[in-house]
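Naming follows writing order (A, B and C), and every chain is counted from residue 1.
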Amino acid sequence: MTSTSPAFVPNPTIEINEVSKWFGQKVAVSNVSCSFGPGITGLLGPNGAGKTTLLRMMAGLSQPSRGNLTVLDTNPRRDVSVFQRIGLVPEDDAVYGFLTGRGFVEYGARLAGVKDPAAAAAHAITAVGMDEAAGRAIGGYSKGMRQRIKVAGALVNDPEVLFLDEPLNGADPVQRVRLIELFHQLAREGRTVVVSSHVLEEVEKMANRVIAMVDGRLAAAGDSAAIRAAFTDIPYRVRIDADEPRKLGSALLGRDVIRSVEVIDETLHVQTDDLGDLGRLLPSLAQSLDIRLTMVQPEDLSLESVFRYLVHGR
Amino acid sequence: MTDAIISAAGLNMAFGPVQALQDVDLQVPAGRIGLVGANGAGKSTLIKILLGMLKPSGGVSEVFGTSAQHHPLAVRSRVGYMPEGDCFPPDQSAADFVSYAAELGGLPATESRQRASEVLTLVGLAEERFRNLGEFSTGMKQRAKLAQAIVHSPELVLLDEPASGLDPDGREDMLNLINRLGEFGMSVVFSSHVLGDIERTCDWVVMLNEGRLLRNEPLAAIRASNAVQVVVLGDPNPAAEGLRARGALVTASDRVLDVELSEGDAFVMIRDVLAETGTGLRSMGAKQTTLEDVYLAEEEFRT
Amino acid sequence: MSSEGAIFDLDYRRYEGERTGRSKIRWAMVRDGVRKVLGLRRRARRKVLPWGLIILAVLPAVAIVGFRVFTEGLGADELLEDLIPGHADYFQLTFQLTFLFIALSAPELLIPDRVSNVLTVYASRPLTLADYLVARVGALMLVVFAFTLLPQVIIYLGGAILSGQFVDHVTGNLDLLWKIPSGSVAVFATQAGIAFIISAFARRRGLAAGIYIGFTIISAGVAVALAENVNRWFAVINLQAHAIVLIGKIFNEPEISQDTALVEQHISPWVSLLVVIAIATAAAGLLYRRYRRLM
């Protein structure tokens, strides 16, 4: 199904068509239609929104109650061979403590029917930066290390589609940057990477495109800034610090593009319908009034703010 | 530092061949303290040593001037702890258990019941407080864990990854609660690997990296930098050139310009250059070094 | 009258009052332990077994003594004279009940805290490991003492009433004041020691109780078999029998223990005393070491 809606991509690898999933009376996923393609897509939603259920269906771990879902043009529940082209990094610690890192990854390689398990494992281990620790037992790893070895395990069969559930959990700042870089590299290579996470500031760094679910339904799709812009009834909020805030505030109030101006603790809080117009207006206005601007900060552009608007509507 | 609430000197902790903490010296004032580092960096180890749960291989540590190694009970009567993992009996109600936790902290029985109720309301579990802890969701459990940590009115509360497992709303609520703890007269040690959370709530930061102390200073000091960061709309080149022409040092990355001036007012110069080149402004402000920057710089330094 | 208004801050209140001492904290743990053992503040299902056993242990004494006192002077005195069991007899009668009670309660006291990691909460409070363990064991001891002592007291009072000379009976039987509690201690030390050791390591309550009960039954059989065929000292393995022997010795009624392997093999009651002390000490030591590593 093609459509110009941002919920769909032109070259999809995963297609979800009017999929619903219920458990008895509880409807976990309700009539969701969207698609995923090469690149990194973030999958967001509050707990209980159906995000995990959708992810499980995409990974072939569960069957839709209605609708159809295909991964690489295959129904993952019917044709298990598609698993060789998929990688999954689950959130829970489903690893065996007694195995060494290398042993675990090689085991995964053999399970996936990879031709040269040892080489594939070595390659994956290097990709996640675990060469040094690969010889040690996983039981002795820190959380961040376990996370990275799980990623290696999912990469070992060179998957076209990769599902990551909270992949940065426990990683230290340096490892985080490296992993994000790795995911970007995988995306550049044309793989479809779906990242599910609650830590929105991390999702922001990884994915340009997001799919957000609320109460089992598709709440938003597309680029974060575009989603924000789609909330036309919610004006943008901007904080401004200046040496004469009230003088600037009065001047701003005279402009149509400004909806409201508040002064809180001598900081201006401005609401505007058009960030671009405000941004083009400010420097010259400040200059003409001889006002020194020290801070201009949009407050609700972040993915977190967008998410809040999605869930709470305001 | 005369009013340090936490101090350590030459703290070492080894688990077999693994050196969890190495030569840690620090003094930390009252307030909201962030404890940052990856898992395995030594955060939990440090917290356990401060509580007297672990005996260090070497060195001393004190909380409120009392050594946890020699007087653990005295320390623990003034400190609360919110552990990272599960710690609840499944077949007891929240009110019951938190009340018991208060008694264990030294509060009289009648007072404990009352305070348990108040604290559970404070963390947002007013309606659920008579339900069994086994039925609680992750978010509810985190709140209940916070409740048991503060119910006995400690002066310092140690939080180990308090937002772990919470969805964005829950995380927001938890961070707000943590912010308010300071208003209640409590100091907070907020241990986390999510740097953004720390940057939002803490005023002092202790940064650990592989068991070593990387930084121990006010967050403001870490963030301070000489540059002003400007994000422009459209083509950044005219503005960048204009600033350079006036003697500023400009580092440009896409539409982000970091502007440094050795003399003069960077803010005014930026305003004027933007106005003159007709360049729109997305954001502007003193560049704040992020905690992530510090770690990355450290990594670069070592390699 | 002024027209002032005020809003009161319903936020967190600091507690500025006095802190209770360690003894109050220990007592809070004991109370918690007693609630766990008796199933208080839990579902009704949890109360059935403990209270059932307690009633079974206490009711006979109440019923018999009550009946006997009630029928006093109705002319059947001769017939009913020996109806009330002696103190040592009653210990033996309820022996299996206390065994079962302890087998079910010791796991309840130790295992959930460990498995659900509630120990972390204890570890962060101003109490020591010893405080915790003593409180747990003490809670069980309190309950077991209560329901072993109660029927003994009833029998004692019954005897006093029936003798017609209350005061003389009391002054004539003052030794019972130390004998009865000693009996309870002996029973508790033998039965609880092993139960607690098993509960310190097992991860499931049912399993711990099962292992304890199984171990006891099997070791009793093994003790008899080995004592008869290999060496008389193997009788020592039958741990429960030591308590019976000690009860017999305390109350000077060795008959109650005469069919145990220990007596048959002529093992001195002093050995029994040593074994009971050894069990108690070993239990204390093992528990402390095990928990030291966890907390």
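Criterion: contacts are C-beta pairs under 8 Å (C-beta built on N, C-alpha and C of every residue); 3 or more make two chains touch, one makes a residue touch a chain.
For clarity, every value in this text was computed on a predicted model and none was experimentally measured.
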- Message: Need the central chain here, defined by C-alpha centroid distance to the all-chain C-alpha centroid.
- Response: B
- Message: Let me spell it out: compute each chain's centre from its C-alpha atoms, then which one is farthest from chain C's centre?
- Response: A
- Measuring from the mean C-alpha position of chain A to the mean C-alpha position of chain C, what distance in angstrom results? 59
- Task: Provide the C-alpha centroid distance between chain B and chain C, rounded to the nearest whole angstrom.
- Result: 48
- Averaged-CA centre spacing for the pair chain B and chain A, given as whole angstrom: 24
- Message: Quick check: in the complex, which residue numbers of chain C touch chain B?
- Response: 11-15, 17-22, 24-25, 28-29, 32, 41-43, 112-113, 116-118, 120-128, 295
- Item | Complex contact set, residues of chain B against chain A | 18, 37-41, 137-139, 165-172, 193-196, 209, 233, 265, 267-268, 271-272, 274-275, 278-286, 291-292, 295-296, 299
- Item | chain B to chain C touching residues, read off their complex | 51, 53, 72-74, 76-77, 79-81, 83, 85-92, 96, 100-101, 103-109, 111, 115, 118-119, 122, 148, 150, 152-153, 180, 183-185
- Message: If we count contacts the way the header does, which residues on chain A are in touch with chain B in the complex?
- Response: 44-47, 140, 142-145, 170-177, 198-201, 241, 275-276, 279-280, 282-284, 286-287, 292-298, 304, 307-308, 311
